[in-house]
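Handing you a structure now.
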Amino acid sequence: MSRLQVELPGLTLKNPIMPASGCFGFGREYAQLYDLSKLGAIMVKATTLEPRFGNPTPRVAETPAGMLNAIGLQNPGLEKVVTEELPWLEQYDVPIIANVAGSETEDYVAVAERISNVPNVRALELNISCPNVKCGGITFGTDPEVAGELTRAVKAVSAVPVYVKLSPNVTDVTEIARAAEAGGADGLTLINTLVGMRFDPRTGKPVIANGTGGLSGPAVKPVALRMVYEVSRSVSIPVIGMGGISDVDDVINFMSAGATAVAVGTANFVDHFVCPNLIDALPDRLDELGIGNVTQLIGRSHRI
Amino acid sequence: MIRNERMKVAEQREIARNIYELVLEGKLADEIREPGRFIHVKAGETMDPLLRRPISIADYGNGRITLIYRAEGCGTRLISEKSPHGTADVLGPLGNGFPVRAAAPGTKALLVGGGIGVPPLYGLSKQLKEAGVEPVHVLGFQSDDVVFYEEKFSRLGETHIATVDGSRGTKGFVTDVLAKLGHEFGVYYSCGPVPMLKAVAEGMAGTEGYLSFEERMGCGIGACFACVCHTDSNDRGYVKVCSDGPVFKAGVVTI
Amino acid sequence: MSRLQVELPGLTLKNPIMPASGCFGFGREYAQLYDLSKLGAIMVKATTLEPRFGNPTPRVAETPAGMLNAIGLQNPGLEKVVTEELPWLEQYDVPIIANVAGSETEDYVAVAERISNVPNVRALELNISCPNVKCGGITFGTDPEVAGELTRAVKAVSAVPVYVKLSPNVTDVTEIARAAEAGGADGLTLINTLVGMRFDPRTGKPVIANGTGGLSGPAVKPVALRMVYEVSRSVSIPVIGMGGISDVDDVINFMSAGATAVAVGTANFVDHFVCPNLIDALPDRLDELGIGNVTQLIGRSHRI
Amino acid sequence: MIRNERMKVAEQREIARNIYELVLEGKLADEIREPGRFIHVKAGETMDPLLRRPISIADYGNGRITLIYRAEGCGTRLISEKSPHGTADVLGPLGNGFPVRAAAPGTKALLVGGGIGVPPLYGLSKQLKEAGVEPVHVLGFQSDDVVFYEEKFSRLGETHIATVDGSRGTKGFVTDVLAKLGHEFGVYYSCGPVPMLKAVAEGMAGTEGYLSFEERMGCGIGACFACVCHTDSNDRGYVKVCSDGPVFKAGVVTI
């Protein structure tokens, strides 16, 4: 077994590195740059029942060591994703984690049921934490009861393991984590973006047309690491960590904090080869640290 | 092929107030087949500023590309500090450029640029000329001190300058010049701020035209949906400026 | 009246710029660098009933465009603050906002009662949001009922207006804001730090001896701006905004978002003259923006 | 007086592997009265890296200061890229240095440095020598390729080098050298990693000594309480490395 391999419910990953949802589309663009089979997995863009156009532009704004986005879950809708995007990805030897979003429980359930039966979809990621849509998304992610219920409803129909994606915009992230676990979640992914704003000093108006946006990138990394640490200590299901990862020590640190694998979002816009670069750099860094197998990193901070 | 390359800084100089001409050397230059495409430049070496900056390729050839940009915010100011010892981390070439073939040899083509929308028209004009098309340039700037490349454009064809404050050429906007131009054009090309593009497209209605757009970008390659514009011309209802554009046929993008 | 002057309960400020609590000690060190009378106000370091030594070191760690701190409210205690530190500040023509902390309601009340009677203390800032102490601090700041009760208890004894300092580590900051308002708060200050962590890749341990620390600096600015915007729209008491402010456009933007004045924390460590520099830069920037009086900025974004 | 100055970069060179000597010019240099004080340097021009970096003043005079530092993390690497065209944003001088007067003229003083703790001992040694004290240097490094200033120290007095891998001088630690030194010292001064300081203080117990400490810093001027160490020597129970130190009399800081 390769020293980079990790096991997660539904997923045997060649390595613990995958692009985060929304930062990699359905893989077509990055496939121009490198072989997607190299990746541990791919978290594809959020899929909703109907196609969505998303929010007006500007949809992104730079912030110190971070960015705000309010894409608004633009996607071609379940039908196209299932008949066009996911089959296209079949040519690569890489498990797909399908990010599922909606406005009501019924939407989530409908998307989950159908998408979980696509052959290369090995897990679902329930997006209950998108801050950029008026209904649905984050409202599900801030109330433990609602989060637990939704998880239960989706678990009932899903043909593959279900990961719940947690919002950092909460007082106690472990409370939502435990509710998702109690609802039957097979794993957790975190963090989604922090709600933020930027203003234009000339007009006094928000720069993002939507007003608020989701903050991501290196700026949020300390918050993400803290939440991965807290959550992984308070549940017994595995965690996929993300939030500001851009170099190999970030991978090491998220795993030390308690993540079994990691996802890379914003960094794909800065270094378009970041995922394969991290995968290549990891063995050498493990050597330097005197660590034989990447799994030895997982939750190392809890033991000391 | 899209490359990510540490290109060598061959030259960098300020050619007008806060306007820089940067010449980069590397393999990426050989991948460019069309004027009007752009590259995505990492401004600094740390996490702030974070995002790459999209800059049009003003000219290319012989293993080099020329960029012309305004040092404005934190990113472009850092780029302007790159000196011939150094390198620049560049992703590109990206997007789709101006179709040179849309202009028939022997006809006149109109090129209208505003401010930092002027640079990609230079490479376009050179190629039109080579293809036997006669380029006519109408270039708008804020004021005399930020005008650049007037002579270079003049060498390629008839060139009109407009400045908002009248400190060089016609006082006013490019549309003030257009109104007085007596030519027949087979096609027009334009790059600049949206209000200008809009005015040009209205003034040239009926003539085939190509417009280059700007939009805030994340990835620059079509993956993040940051740079989406509405369109009625396809059934998705949108185009992405970074990968479907930045150049679109007039009428495609709702402005 | 100067175009920079702003009015707040208990405070007439020459200008809207003041150093944030904990980043300026009791002013002695910065007084070596410039005349403190130049400042709009000074938010002095948290004062507790008894002296506190604080947490073990390392207490700070750098993060992308930010820093973590876990000082642990080190301070010489109420007695020394009242008899030595505050009287020393009397030589400057600048109103003092005293930051009050404690582990129990009684501590807050005892400190508030005594410190609010010191002549140059014109307002209190109730620190119910410090993430770096085991009891007290943030526990008061995440439960609206507890926050409201504490505010009421302190208001009952305070000789000066009371501002409540809000934690960003909550699901709905407006809920706590409204509870503080209902409890009689005269104003709100926000944000305190976001809880974060950093790890050492070699050891797998947290870099900060305390484990977690409070994230501050430019990295948190988008979150701070969003919360100032939300809170100022949901209460009718004034807000002092802070979180990552370092340049004059940040001042403009926090005021546009809804703040009546702003505080500068971490930036004092990066540019030790940042407060006087901002005060000097503000009139020119107002001119450029065509704004006559700084008060015209306040909540400008709400009106458009 | 503490100044915040954009000092001119006069010289910058790599004097050993990843070890740089940086000479800065400015008014700040005239404010320094004592060896062992430090400055706080802004590494880049943006928000990342954010905090200033504390670096000891290795030498000063004639309107210049010399810093010697290891380019390790992101901040010191950026500092190492500053070239003689540029400037460095410096706050200082900060802290309290080594008391030269603690050594009586005619006596021998022991100076023990480890790695990047060696630099401030150079300025100290020069001043001791000028004051008629005979400095004896014991300098520890990881290996031959990171040894610096051996010749400069040798010119001032007896100099012993220890390297962990034995690639230069004595194999082992500075304490291995100390054990074999036959001299009588009136006072010792030391700067380096805490385990070294501890070992030196133990080995020299009974002799008056001064130790220079490092601690993570925020403000660098005593306002933020980041750099606090326990002490039994005052009734507050603590000292701040940045403003009470970095140099303390041996025994003051609990190690």
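Letters A, B, C and D name the chains as they come in the text, with residue numbers starting at 1 for each one.
Note that in this section a contact is a pair of C-beta atoms (placed from the backbone, for glycine too) under 8 Å apart; a residue touches a chain by one contact, two chains touch by 3 or more.
In UniProt terms, the chains line up like this: A, C = Dihydroorotate dehydrogenase; B, D = Dihydroorotate dehydrogenase B (NAD(+)), electron transfer subunit.
Only a predicted model underlies this, so the values are computations on that prediction, with no experimental measurement involved.
K.L.:
What shortest step count links chain B and chain D in the network of chain contacts?
P.N.:
Each step joins two touching chains, and the minimum needed here is 1.
K.L.:
Any chains in contact with both chain A (Dihydroorotate dehydrogenase) and chain C (Dihydroorotate dehydrogenase)?
P.N.:
Touching chain A (Dihydroorotate dehydrogenase) and chain C (Dihydroorotate dehydrogenase) alike, sorted by label: B, D.
K.L.:
Relative to chain B, which chain's C-alpha centre is the most remote?
P.N.:
Looking at centroid distances, D is the chain farthest away.
K.L.:
Have a look and report which chain pair racks up the highest count of C-beta pairs in contact.
P.N.:
Summing C-beta contacts for every pairing gives the maximum at A-C.
K.L.:
What is the distance, in whole Å, between the centres of chain B and chain C (Dihydroorotate dehydrogenase), each centre taken as the mean of its C-alpha atoms?
P.N.:
Centres of chain B and chain C (Dihydroorotate dehydrogenase) (C-alpha means) sit 46 Å apart.
K.L.:
In whole angstrom, how far does the Cα centroid of chain A (Dihydroorotate dehydrogenase) sit from the Cα centroid of chain B?
P.N.:
36
K.L.:
Would you give the residues of chain A (Dihydroorotate dehydrogenase) that are in contact with at least 2 other chains, written as numbers and ranges?
P.N.:
63-66, 217-219
K.L.:
Where in chain B do residues touch at least two different other chains?
P.N.:
Correct list: 47-49.
K.L.:
May I ask you to sort the chain touch graph into line, ring, star, complete or other?
P.N.:
Complete.
K.L.:
Write out the stretch or stretches of chain C (Dihydroorotate dehydrogenase) touching chain A (Dihydroorotate dehydrogenase) in their complex.
P.N.:
63-66, 68, 142, 169-172, 194-199, 201-206, 212-213, 215, 217-223, 225-226, 229, 244, 249, 252-253, 256-257, 285, 289, 297, 300-301, 304
K.L.:
For chain A (Dihydroorotate dehydrogenase), which residues are in contact with chain D within the complex?
P.N.:
Answer in residue numbers: 64-65, 218.
K.L.:
Can you list the residues on chain D that touch chain C (Dihydroorotate dehydrogenase) in the complex?
P.N.:
By the definition above, chain D touches chain C (Dihydroorotate dehydrogenase) via 1-2, 4, 42, 47-52, 91, 215-230, 236-238, 243.
K.L.:
For a test of understanding, state which residues of chain B touch chain C (Dihydroorotate dehydrogenase) in their complex under the given definition.
P.N.:
47-48
K.L.:
For chain B, which residues count as touching chain D in their complex?
P.N.:
44-49, 74, 78
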